[in-house]
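Chain lettering (A, B, C and D) follows the sequence in which the chains are written, and residue indices restart at 1 in each chain.
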Amino acid sequence: MNETKIICEEKPKLRNPVLVAGLPGIGNVGRMAVGYLVHELKAKKFAELFSPHFFHFVMIHEDAVHVLRNEFYFYNGKERDVIFLIGDCQAFDPKGHYEVAGKILDFAKQLGCREAIAIGGFATGKIRAEGGKQQGEAKPKVLGAASGEKLSKDYEKYGIDFRIAGEVGTIVGATGLLVGLSKLYGMKGLCLLGETSGFPIIATDPNAAEAVLAVLQKIIGTKADTSKLHGKVKDMHEFLKKMEELQQEALKQMKPQQKKNEELRYIG
Amino acid sequence: MNETKIICEEKPKLRNPVLVAGLPGIGNVGRMAVGYLVHELKAKKFAELFSPHFFHFVMIHEDAVHVLRNEFYFYNGKERDVIFLIGDCQAFDPKGHYEVAGKILDFAKQLGCREAIAIGGFATGKIRAEGGKQQGEAKPKVLGAASGEKLSKDYEKYGIDFRIAGEVGTIVGATGLLVGLSKLYGMKGLCLLGETSGFPIIATDPNAAEAVLAVLQKIIGTKADTSKLHGKVKDMHEFLKKMEELQQEALKQMKPQQKKNEELRYIG
Amino acid sequence: MNETKIICEEKPKLRNPVLVAGLPGIGNVGRMAVGYLVHELKAKKFAELFSPHFFHFVMIHEDAVHVLRNEFYFYNGKERDVIFLIGDCQAFDPKGHYEVAGKILDFAKQLGCREAIAIGGFATGKIRAEGGKQQGEAKPKVLGAASGEKLSKDYEKYGIDFRIAGEVGTIVGATGLLVGLSKLYGMKGLCLLGETSGFPIIATDPNAAEAVLAVLQKIIGTKADTSKLHGKVKDMHEFLKKMEELQQEALKQMKPQQKKNEELRYIG
Amino acid sequence: MNETKIICEEKPKLRNPVLVAGLPGIGNVGRMAVGYLVHELKAKKFAELFSPHFFHFVMIHEDAVHVLRNEFYFYNGKERDVIFLIGDCQAFDPKGHYEVAGKILDFAKQLGCREAIAIGGFATGKIRAEGGKQQGEAKPKVLGAASGEKLSKDYEKYGIDFRIAGEVGTIVGATGLLVGLSKLYGMKGLCLLGETSGFPIIATDPNAAEAVLAVLQKIIGTKADTSKLHGKVKDMHEFLKKMEELQQEALKQMKPQQKKNEELRYIG
């Protein structure tokens, strides 16, 4: 297995589907928002993505060995269908991000997808009160960046703040690449970013996820109840935090260990 | 040679073969247990695996140059046949682990294999008395994780402890990936892990290997005498320790060396 | 997307075209000189190059998501046509430099190109007065290195200093490889290097760019007014400096983060 | 160019040719010995090898741009022909070593080669008197390791010391892999190692090269005068030392530079 592979158990027939991606990232906003929606809408898993650009460890999950993966779900909506993408991780190297994003877009295109929305977090560096919404606290902003200048107009009616060019330098990883590369696959794309404090990845921010979901549901036409989101977050948080730590640990173990003072002799 | 390659000297005809992999890892439990079995059962070598994801040095072994490799042996058992996989090393990078595991599973599938068992160590962090079994000492536990939840039931009768989800986060490298990816190749898989102190890799733990062998032999239906295991371990230990040190050294040499205070001029 | 890709919107018919490459590098001499020429000559963009060897982040640019890329422009000159190559970045790893340079040369060859000129900076280590030309200051030298010894004679009439073998060790990255590999694609090549202080990449040196442009325009037969160059540099400088910082930051984030004092347990 | 490439200008007809490789390495023994032989025998260059696993800089050499490469020469001997391989460098990563060695062996096989001899240095860690042979000084030993145990017998008559298994752990890089992998290409192979102090690579040791040449010439049946070797070494030394420094510098530049105290904001 030396290339990213999508194992498709069932090829659903979809009407004008939109791809909605929520992978682990800053504040885990995307992973949490889309994971919650998949659960609430009872979307159906139909394909899995494996990659040699994911880490080389497996997790023990409910007595079974679990290789790191991204998962595709579909949902038959009233007006159009949705393909949800969630996962354990993103690629760990730059080349992997391009390979994985390319495979996802290629697969989505085959399924008739013409629009890709990637959900992420936008780190402000300011801490909000943790653990839940507080009375009188301002709702986090939802920022947007489309795959082309004119496209941002299509999305403006949903209450997205598109004036981020001044504030925001870059979007790192899959969230940015899925949208940025969507043009090459004949799609239009949108990054939807929930404002969060952004102590990266360790934190999970349900307020940002909730704000993003409010906008996202308007765009894709779903009506999931988001009142249970804050309750769900705790479990997700533990899992995502562990995943992040394991990957950091795996990165470390790839570096040479301190050698004993024994000497080795080499020739060449 | 820019891809993992299996050189097959002879394609044996095998009845319902099971793949049993024992590669270097924590406590070298897998490498030692399976290496011992290969020797005792006089299993026959029939293929070798080379990989650009193994280190780029050769060893001098009995006056000859030895490129790092993994080796396949077969054994004609009474009820079913066994393919043993042992080797000098695992891949040194994540991508390599996926590539090597994929090649092994692909090859095993071609040989009619429907089941893969990978042997490894489980590090407790607690030191036992070294050097041999002591009177009254508890036998090391043998932990298991199957490639699917229901599959663990198939193996429960062999005295494997499947309640490891709580204790164990991950299985790193080939042991985990061979089992985790086995599903994608139409196989069922099992990780069999011997409890060991786990001061990683430097140590070799014959007690853990013995405990694992007791369970493994029941599953694959072999009856090798394990009484000579403790004696054999010393030689193996020296070899495996040296291999590990050489690989750590090679990792180090891939980093830039300290430059002299001479200055270089660059353009670009 | 696991290979460098050129998306060609329009395949222009070109008469004896010459490729002129100016990518970010020391003093940003090449990027600035060629970028300015593209703008002044109103050259037309016809193709874009994307690569998994570019960094895995996108930039927000005028409300839209911008994946890092190199861009091809063409210009119909009086005597011959020109293909200009400019871009956001170079590959971040050695293998990527070879892959990208190979793709560019292959593409240029298909367009009928028999000559490749790559513009770069030559770092002297000495600081000149910054911010503009000063009265009485010596003009920066323009150094050259051709793809073959005899070829340097073809270019000598343009006032290029070819006696750099003694002073200059190497040319790093695309500037050197595009010219060095041009022979393998049936082209002749020339590195044109503007002398600059060379506090690498952060600085942008309009004087060096101006000196190089004077020589380059003679070779390719264009007559753009370079009087506005110093004014243009400030904007470019900000953009290029930011790009460089973002890439350095991305490099850093690929290294493992400091772990908390929580312990993880591994098996394998 | 994303794979190692051999550009063959002329395909010579060769009688029972033997491949003799001398690439930069410890003490530069191989590079120096084989480079000298190529020069003395006026062997003819017929092919060049380029690789994305060589560093991404070019050198300025006699006013021309020189991409790093390995070079093939042939020599029509009295009894059999010889293919010499020398070069600027080896691959900089493990995967590259395998890819390059595989390409070389594949190419040699196509030319009818059935035997590969790789020359290298063996580092003792002890310093001899530098700069030339001294009266009464013992000649450096020439150690050997063949690609198979029985093959060492074929070579014993040439005065090679094959008892190195005890002393020598590994042979790093091309010297080892060319011989180790030769079996997979239907060849027999021999590593020929000249004993040297081995302060790696910076030093060039003409005594070791001379000792190796005495043995090598007996094996391949050439009779070049080696009296000019000590004089030639000085020039080679400067060149090879510079190459090594440039590569170390390039390795360093691939690491992130220290960032200023300016803060960047990321989203994802």
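Here is the rule we use: a contact is a pair of C-beta atoms (placed from the backbone, for glycine too) under 8 Å apart; a residue touches a chain by one contact, two chains touch by 3 or more.
Computed from a prediction, not measured in an experiment: that's the story for all the values here.
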Over half of interface residue numbers shared between subunit C and subunit D means same, under half means different, so which is it?
different
Working from the CA atoms, figure out how many degrees subunit A turns to land on subunit C, in steps of 5.
90
Any idea how many Å lie between the Cα centroids of subunit B and subunit D?
34
The distance between the C-alpha centres of subunit A and subunit D, rounded to whole Å, is 48
Residues of subunit D that touch two or more other chains: which are they?
168-173, 176, 246, 255, 264, 266
Contact residues on subunit D for subunit C in the complex?
1-2, 5, 7, 50-67, 92, 242, 246, 250, 253-257, 259-260, 262, 264, 266
Where on subunit C does subunit D make contact in their complex?
3-4, 91, 93-95, 97-99, 101-102, 145-149, 151-152, 162-165, 168-173, 176-177, 179-181, 184, 189, 191, 245-246, 248-249, 251-252, 255
